[in-house]
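For reference, chains read A, B, C, D and E in written order, and residue numbers begin at 1 within each chain.
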Amino acid sequence: MDPITIIGLLIALGTTFGAMTMAGIDPMTIFFADPGSIILVFGGAVGATLASNTMEDAVGAGKVMVKAVAAPKQPDKEETIQQLLGFAETARKEGLLALESAAKEIDDPFLRKGIEMSVDGTDPEIVREVLETEIEATQARHGAGAGFFTTAAGFSPAFGVAGTVIGLIDMLNNLSDPSALGPALAVAFATTLWGVFLANYIFQPIAQKLRRVSELEIAYKELVLEDILSIQAGSSPRAVSDRLVAYLTATQQEAMQEKKSA
Amino acid sequence: MDPITIIGLLIALGTTFGAMTMAGIDPMTIFFADPGSIILVFGGAVGATLASNTMEDAVGAGKVMVKAVAAPKQPDKEETIQQLLGFAETARKEGLLALESAAKEIDDPFLRKGIEMSVDGTDPEIVREVLETEIEATQARHGAGAGFFTTAAGFSPAFGVAGTVIGLIDMLNNLSDPSALGPALAVAFATTLWGVFLANYIFQPIAQKLRRVSELEIAYKELVLEDILSIQAGSSPRAVSDRLVAYLTATQQEAMQEKKSA
Amino acid sequence: MDPITIIGLLIALGTTFGAMTMAGIDPMTIFFADPGSIILVFGGAVGATLASNTMEDAVGAGKVMVKAVAAPKQPDKEETIQQLLGFAETARKEGLLALESAAKEIDDPFLRKGIEMSVDGTDPEIVREVLETEIEATQARHGAGAGFFTTAAGFSPAFGVAGTVIGLIDMLNNLSDPSALGPALAVAFATTLWGVFLANYIFQPIAQKLRRVSELEIAYKELVLEDILSIQAGSSPRAVSDRLVAYLTATQQEAMQEKKSA
Amino acid sequence: MDPITIIGLLIALGTTFGAMTMAGIDPMTIFFADPGSIILVFGGAVGATLASNTMEDAVGAGKVMVKAVAAPKQPDKEETIQQLLGFAETARKEGLLALESAAKEIDDPFLRKGIEMSVDGTDPEIVREVLETEIEATQARHGAGAGFFTTAAGFSPAFGVAGTVIGLIDMLNNLSDPSALGPALAVAFATTLWGVFLANYIFQPIAQKLRRVSELEIAYKELVLEDILSIQAGSSPRAVSDRLVAYLTATQQEAMQEKKSA
Amino acid sequence: MDPITIIGLLIALGTTFGAMTMAGIDPMTIFFADPGSIILVFGGAVGATLASNTMEDAVGAGKVMVKAVAAPKQPDKEETIQQLLGFAETARKEGLLALESAAKEIDDPFLRKGIEMSVDGTDPEIVREVLETEIEATQARHGAGAGFFTTAAGFSPAFGVAGTVIGLIDMLNNLSDPSALGPALAVAFATTLWGVFLANYIFQPIAQKLRRVSELEIAYKELVLEDILSIQAGSSPRAVSDRLVAYLTATQQEAMQEKKSA
């Protein structure tokens, strides 16, 4: 698990509450004095976002949120490279069928499916089509998940403004008691705060994290796809290796070179 | 019917009115005290949106709004997969002509048209061209419908601001009666509220829902198109099945696997 | 002529002035009390837009504005379909030369040019290239026209803000006479109002209408282009018809089917 | 030289100063009372823009600014058409070598280079590649130039806001002398004004003009490129002419037709 | 090293502090009077940005920041052209193997790798694929780096607003001591200032600089890639030269021509 999303959110929340405490402001009186503010902004943003999506998207959004926060560790690039190189060498020397037992032990279902299809003698065109359809379907699912939170992040400040304007109008209609004006305005602004808060501390980081994780997963799958097809076509392990290594950073390339020489 | 859009809008409206009631604010005095606000914002946003479109778009916008709110259920993916697999098997064993009677019973007009053309012996290139033209035309119609509401959502806050500035100028010209200032300002802000309200509770969710429904419908049609062509070309049911299954989520794939084994 | 743009603008203006009258606000005192506001915003927005374009764009912008407001009726799709089907049948039965006299009576210059080139025996590749160049040139001209008004809509609120800030600064420098503050602020906000007004009641609807009209015209020309090439290639009227019909909505398709049966 | 950019900027500035004079506001006291405002906004916007670019971009930005304001006249389309038609006819009748002396007298270096390469017997693929590289390099240089001013236009209002907030904070810390508040606020708002001013009267028009001039130059070069290749391939002058004419507006096409008949 | 980013940032900061000093405002009391403001905005923006990325991106962001500020000098175009021309001539006359010793002395690892693969007799398709994968991987790494700072620039003003609203609410809840209102508001606005400051003086310039440097590096690598393949294919040095020169500005082309003649 990549803890950075939880760490980042804790930093954002911690520094906010820390700064408030330093200034002698009690976070509770700011955020929770008026529960109506939270209900209006959260209910509005979530309601409008649900209305903008399908039932399936709504159910899926809960799942991907966990994924964004837990941020599953990306597959180790070097390990995958070693594994694919091993497959390329075996396929070259002993033929594709020799990969049958190795295929069963692959963790990554995408890679396993591709190798299994190759071993089964599936036409390379079909292998490419099936794996590309899987990549596209994954991308569409990721996009729908990230889109759900982007929509929510877009609606939040708008509902915050709506609540503040409602509060302002109410206050302007009841100007007779000047001593109540300050607290009334404070309550009105609490919805603005919740709008900004939900968008920037919660929805936006989740949406962007999902997009980033998706980007990495798709890039990784595209690389694996090309390599499965190379292995099936019986390319030399050298060609497979050269492309894989080009994908690493200069630092990673050197580290790998050193390990090889050692 | 997918009830999520209605549920979502009810949540957004319900929490807003609930929060107002909790704070002792009468929603009627906020939203409906000044009918001119509603007329100005709604008339302005709808008028400017109509002016930005053609007569045909304006007529169509009414229809698609119903579609967005009612949100027709998406075709059941698993059912379609079973149906297409059945067609692929029949076509393989008994030839395309054997699909003639089955074709008449297909509910989905797009799929029916494709199968009928195949049965009629239409050239595959023409089948692809006709179905792709239909997909493009559907996409263009959906885009025009969603675009209508996106435009309306964009204009609403601008007309809200216009109304508020009009109210402010009027108030500043009549500062002589201080006791009237509060209510005058309240009326001025009511247009801001209606601008935010129309955009975020109504137009924006409809526009986004239409875009999402269109996205799903187009993706589904593109999948069906490829499969009709595979069936016409006499591909093995296995190849048709592999691509179809790749389109499902991992959970759906497992569920399907289990059903198959059972 | 499609009257929707004029209707839409009249609705937007009418409801604005109606709402003002309802609230007892005289539109004249709001919009025209300070002619300097209009001059600053209109002059600034138009000047900056002219500066952003070439002399040719500036001259062209006047012409396309008339086009956007008058909104020339789109060619009748069904009529075009009938005409193209007739051409396809004639070309099939009697050869392309038989279209010579019919070609002269075509109203649409784009279609006429294409049919004439076909009748003249021009190489199909040249026909495609010439018609595609015409489509691209049309698209570029439309884009420049719509872009002119999009730019103007973008500049208007900025000049409105500039004027308001100028008014504010002047007022803050002359705070000695409190009774003059209200009217001074009112004048300052009049430029904000004009900025919002010009952008949303005028420039933005024109820009969006031009884009929409262009979109429809280009889609229509692309359809006609493909059909001219099909006719020249001697495709069966059935194939031409199938693609044309796919372009219609389901309702239009049924209506056409009924007419055919009748 | 196309004077429209200078005319447009003069209109924008003239109407602004005119409107201020009409309202009895002295532009000098608004714009130049606080030189610090100008320094902060201009220095901030230019500094941040320089920091966002390379040294080469910074040097180039000065040159392209002159280009945007002076707006070099676009090549005369009709003249180019006549010239290219002449070349096509000569090449057809007397061979490409006959263009050798004519090539030396071509003003446009892009067209000259293309014709010279053709005369030299360069492989058509190389001619295309070299000219396309030149188009891409031109486009990249134009994009960098326009991007410089777009960046500056984006930074200006932000630095204007920064300056205003600095002024506000300073004023709020020194509330003891109420009579100084107005002028202090006026100075604070002067930076907002300069931010809006620099962005909308200067940087934005220059950026947009550069984009528009680039668009036209690239479209023209792409047309010339296709025609050079047609001439080299020995296409009929008719084909070259048809494509060239399709690029003109309907009005220009008629004007040309008339001249031809005359 | 290209000093422009440091110069630009110094100009932006210098003019801001200069303008403040000119106006008799002590920068320290504005920026550092309330350390909580800095903590809230900086902690919030960095925390939310970290939460939006992976651990690897977070580590990489530090490195690329140094790169943006130090702005490594772009490779000298003319020198590269001379070098590539030399390679093309050698390859033509003495064969690819003659480049073996020269390849070892190439500084640029991308060019060296390409030449070495060519010398080793690697299949041109593999050379292209490996170098294109390297370009794509570089582009993805650059995009992630620039994206980190774009995200941070987007979050900064939002956290500035959040802090200001928190301050406002606190002040409105404690209106009893009017003399404390000014300083309380000043502290509230300090977070707005820091939000604008971090976004526009720091994060945005770094993000844009990274994008610009990446753009140049990718364009350069694409040019080198095409030339390596030309050299491997044994194209004439003339063809290699023509494309390379087309990439230079008119001024650079003339300068090079003169040097050649000299």
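Here is the rule we use: a contact is a pair of C-beta atoms (placed from the backbone, for glycine too) under 8 Å apart; a residue touches a chain by one contact, two chains touch by 3 or more.
Computed from a prediction, not measured in an experiment: that's the story for all the values here.
K.L.:
Out of curiosity, which chains are bumping into both chain B and chain C?
P.N.:
none
K.L.:
Given that chain A and chain E are copies of one sequence and touch, is their interface built from the same residue numbers on both sides (over half shared) or different ones?
P.N.:
Both copies, chain A as well as chain E, present different residues to each other, with under half of the numbers appearing on both sides.
K.L.:
Roughly how many whole angstrom separate the Cα centroids of chain B and chain E?
P.N.:
40
K.L.:
Return the distance between the CA-based centres of chain A and chain E, expressed in whole Å.
P.N.:
25
K.L.:
Send over the residues of chain A in touch with two or more other chains.
P.N.:
Counting only residues that touch two or more other chains, chain A contributes none.
K.L.:
Please give the residue numbers of chain D that touch chain C in the complex, ascending.
P.N.:
Touch residues, chain D against chain C: 2-16, 18-20, 22-23, 25, 29-30, 33, 71, 74, 181-183, 185-186, 189-190, 192-193, 196-197, 199-201, 204-205, 208-209, 212-213, 216, 219, 239, 242-243, 246-250.
K.L.:
Applying the document's contact rule, which stretches of chain B touch chain C when the two form their complex?
P.N.:
Listed in rising order, the residues are 34-37, 39-40, 42-44, 46-58, 109, 117, 122-123, 126, 129-131, 133-134, 137, 140-141, 144, 151, 155, 158-159, 161-163, 165-170, 172-175, 187.
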